[in-house]
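Have a look at these structures, which come just after this line.
Shared between the two complexes below is subunit A, which pairs with subunit B and subunit C, respectively.
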Partner chain A sequence: MAESENGAIEITGGSVRHFGLQFPIFLCFQRHFHRTRAHLREIERDRQHQPWLNGLQLLEDAQQNKHVLSTGFKGIDKLLEGGLREGQLTELVGPSSSGKTQLCLRVAANVAIQHKGRVIFLDTGNSFSPRRIEHFVRQISGSVFNEKVMSNILCHSTFDIFSMFDVLHQLENSLKSQGHKGDCKARTLIVDSISSLITPILGGSGPQGHALMTSAGFLLKKLAHELNIAVLVTNHMVAGEGGNLKPALGESWKSIPHVRLLLSRDQGNKTCSISILKHPSLASGEVARFVIDD
Partner chain B sequence: MEVCRLPLSATQRGKLISAGYTSLSSLSSASASDLARDLKISDGEALEILNVASRSSRSDNAEGSHAIINGGVPGIGKTQLGIQLAVNVQIPPHCGGLGGRAIYIDTEGSFMVERALQVAEACIEDMSEYSRFLRKDLQTFQVGLQSKDILENIYYFRVCSYTEQIALVNYLDKFITEHRDVKIVIIDSITFHFRQDFDDLALRTRVLSGMALKLMKVAKNFSLAVVLLNQVTTKHTEGSFQLGLALGDSWSHSCTNRVILYWNGNERCAYIDKSPSLRSASAPYSVTSRGIRNSTSNYKRVKMM
Partner chain C sequence: MTMEVRGWIDGDESGREMLSRLLTERPYLHIPPFQKFPLRVGNVVELVGPSPCAKTHILMQAAIDCILPKHYGGLGHLVLFIDLDCRFDILRLSQMLRNRIFQANKNQSNDEELFVECMRRFLYIRCYDTLEFLATLKTLHYQLQKERQAQGIGVNFLMIDSIGAFHWVDRASTSLHLGVDNRKGLSLQNVSVTVVQEIKKLVLVHPMLVIAAKATILGNRYAANEVKWNLKRPFSPDSAASSVTNKVHQLMYREYMPSIWQSFVTLRILIQASDDHISTENNHNKSVYLSEWLMPPLSFGDSFIVKDAGVFCVS
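Coming up: the complex of A and B.
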């Protein structure tokens, strides 16, 4: 096989040298392409890789499976043209005490009530407050205490990145085997905050920190796509150039989330503003304001 | 906190509300006999209700499994607060406390034993006066705790370098497994050894965030409160000086709650800056010879913080 391949290339290579026409090169590529496609099909059969999808299949998947979840805040929904999208990794970045955790708790309550979905909350800083969730549930559903709603919000504490990988793999297995169970379908995964888990390992002498960070990002995106859930993570800010704040986790992290939102709170006020830093289909720079009340 | 949230039976709650006791403050100023008369219940039952009310108001202040960071200028009373907390955690349950032990990690050497003894003695006096007040219809009750017991229940560690601090935080897990009655860990102050002589700033961030995660884990697993005392620095931004927490923004992200201690004129105040469940509020306090007390001077009942 290899010899004839080389032979084919040699013949057409010779043609190129002497005649400089595109036609022989096209022949060569076509032959090479057919051979490669056969080879790929072999690999697919042997190792059972994911089959490739065409554009139409992707569109169908997006329309049927990847719904948009409203966040419960009209301003944010308008900014994001609907809300959080299932299948996407959304990052919430903001300085300390800007309302990231509160927004996550509110989104969890809203998804549990309005979309009747299960929410998985990974808490790294002991900031999950059942009291606040109850308050938001009462606020949204109008002071009717719903035990079923509260039992659909699951919280798990993780304090290092390896246990987070553990939890995510277990989640993947249990959710895949469960299938779609109607009401109790998992719809959102919130990690508050992923930067607390990554900062202790990022940097230093080896590249393991970066590798773990990118693997975590890819695993979250894979879960989002395969299980049709919206993933929301929070990140903090560190000092940048000129005394300004910039998001933590550095340059490599910037390309990992699909959507990046910047949160800030006005001084001494309850009003927060949120703006788009990065979005696959919307313009960045738009700002929306909202209030999280007590 | 409202009366309707107290863990009482529905009939007791109903009686309280119909008699006009809707808030905790109205309950705290009532005596057992008044309550018994108003509610038409026995003295013992009234006493139980008052105990439940005082217990829930105090346990609100020291919720387990949170890491709290107190930031303040020097001289504001951070170490005093730390000493007061180490003593208060030992208040026995029948007086409304947690009855636990305290771990005090001292990095600056600012823990003064004589002061702790003073605060402990004042606490015992307050407790006996309080229990005498509560049970004045019944026999006088002896508080079975002496000041030297209180000092014995404070596990004191002195760290002199950052390596010792890191080693100690790693050891805490094993220590608390062996001493299960520890209910509070106070570190005074967490950033002292990291502010000078630490050239590699990236390493400092990594080490500190790792330490914060370990403390969070300890707080969660053993259901105790971790209180970190920190200093403030001046930040120079765009020509103006601003006070910020020492060690910057990544450190302020690492804690669950943040309480800022500051001077309001001549008065010391505490302000909740970050909390997942409490709203922003400030309260004045004063540092007296008996410890930390409310700064309102005219109150009949001794209120313990």
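Coming up: the complex of A and C.
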């Protein structure tokens, strides 16, 4: 981080590898604050915080940069009034084998074909299957095998949260420096599943696990907003009150995603149903049904 | 000499003049779900509730009430929205604002200009960590002066959504040993003290109403256990069951903010989603939210639903 010439504001930065994430340590800001107000302008210029925007600028940014990506399923698109929105973190919750990974793979294929965008898939449980992707690609685009489309879906295997942070930071740096490269712009980031990265660290009496979880959430939201990508994460379910299932990752996670969707599969059937648990502008409780593989 | 003494005894203004000045300069603010307890500039309000409940919608409704000009029923002042959750949906705000303008403005044609004017009065910033939040607060005074010069109006609302967003990260960094003794570290206590101090300093110079939304981030393990234990005992229906539900509601809210923030808050409201649903015109089932006053502990609560046009009371 920067140090201004006359030393009135000293900001020392360091990264805490203990947490595996870049954590600027902000020392003794207050002592120097009272010296001179002129340095406040320096802070604004140095971008120690995000710029202030008014409602109009925010709206323009949302309308021009944050497009809606169709998921490829008419039912889901109708439920979500368009699909997944860039700039938002969408969480997909469901019991095991309810179709979360299949849905993620199908969405990845659809984004690569229909929106001609790059998809980054973080795979935490070896669930990514190139064959399934190829199958979906053929299903969506007809019969032609498109190598370009397949090469736009990138898969990284991450097995713990620290390597996920590394991958995300590298992604942030590379995407910011790349800029807009024609039609290979990254449009979607899928983490399947984020709960398997976070659950191992949540136990224990200290706050470090929750701190890492919320930092991960903030990093994903920051990537979504600044790079204009839609982030999709999956979560599993655990037993809750009265024997019902509830989403894992606890109470603190609930306020992190923009959109929370509940997925369930009918028994012995290929039909899945999806409902909204939380959405910033739509009512919860609506249900849509769809079939992943027809 | 006698004239000066007489002038000193007479005072600057009478009680009536002072009251009329204060009531016009700092008007009472009526936010629809809390009509029975109008809020006044100078209060610090905390909206507590598990996620999802309609906290952000209430903030948006209040913001719209503030940015609309006076002849449309608003206050015509600026709103500062500090988004710590980074989940704010500007499209929803613009939809609600357009609805309000359309309702108020049915036969006139300057909707678009009015919309633009109102949106310019909504100032938004998002902070991804505590450092950015502190930097924002410290530079807020300069920013407000700039806005006052640019638009000529002051700010009436400071909204923070939500105040406990960095709680876990701050708690974890408390245990970091920085190894440099003469510098103040970043701990939960220090951060809260700084936040409260900065807001107090700001409110002295720019009097405004501070509304903070707070999510309940500690789980309700105890509430779940309590319900299980109570259900095992045989009980006589109505009274025992209602006392169990009341206890569950109380226990679901556990305070986690440091005491300096708790004592800074002057009004606290708890909002929860109830199990009731109301069907509206399009056959949508909207869930009803209950609000309950925790500070001051009032006995009446409100129930409201969220429709496309905004937050409405259900009586």
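As a convention for this text, the second predicted complex is superposed on the first by the 246 of 294 C-alpha atoms of A that agree within 3 Å, B and C clash if a C-alpha of one lies under 4 Å from a C-alpha of the other, contacts with A are read in each partner's own complex, and residues count from 1 in each chain.
Convention: a contact is a pair of C-beta atoms (placed from the backbone, for glycine too) under 8 Å apart; a residue touches a chain by one contact, two chains touch by 3 or more.
What you are looking at is a predicted structure, and each value in this text was computed from that prediction instead of being measured.
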item	value
Which superposed partner A:Gly75 touches (first subunit B, second subunit C, both, neither)	neither
Partner chain in contact with A:Ser157 - subunit B first, subunit C second, else both or neither	first
First (subunit B), second (subunit C), both or neither touched by A:Ala239	first
Which partner reaches more residues of subunit A (counting touched residues only), subunit B or subunit C	C
First (subunit B), second (subunit C), both or neither touched by A:Leu53	second
Partner subunit A, residues of subunit C touching it in the complex	50-52, 56, 67, 85-95, 116, 118-129, 131-136, 138-139, 142-143, 162, 165-166, 168-169, 171-173, 175-176, 178, 180, 183-186, 194, 215-220, 224, 227, 277, 284-287, 306
Subunit C-facing residues of subunit A, complex	16, 18-19, 23-31, 33, 37, 40-41, 43-44, 48-56, 58-59, 62, 206-208, 210-215, 218, 221-222, 225, 240-241, 250-252, 254-256, 258, 277-278, 280-281, 283-286
Residue numbers on subunit B that touch subunit A, as the complex places them	65-67, 202-203, 205-207, 209-210, 212-214, 216-217, 219-220, 237-238, 248-250, 252-256, 258, 273-274, 276-277, 279
Contact set on subunit A toward subunit B in their complex	95-97, 101-102, 105, 124-129, 131-132, 157, 159-160, 193, 195-197, 199-204, 236-239, 243, 245, 248, 294
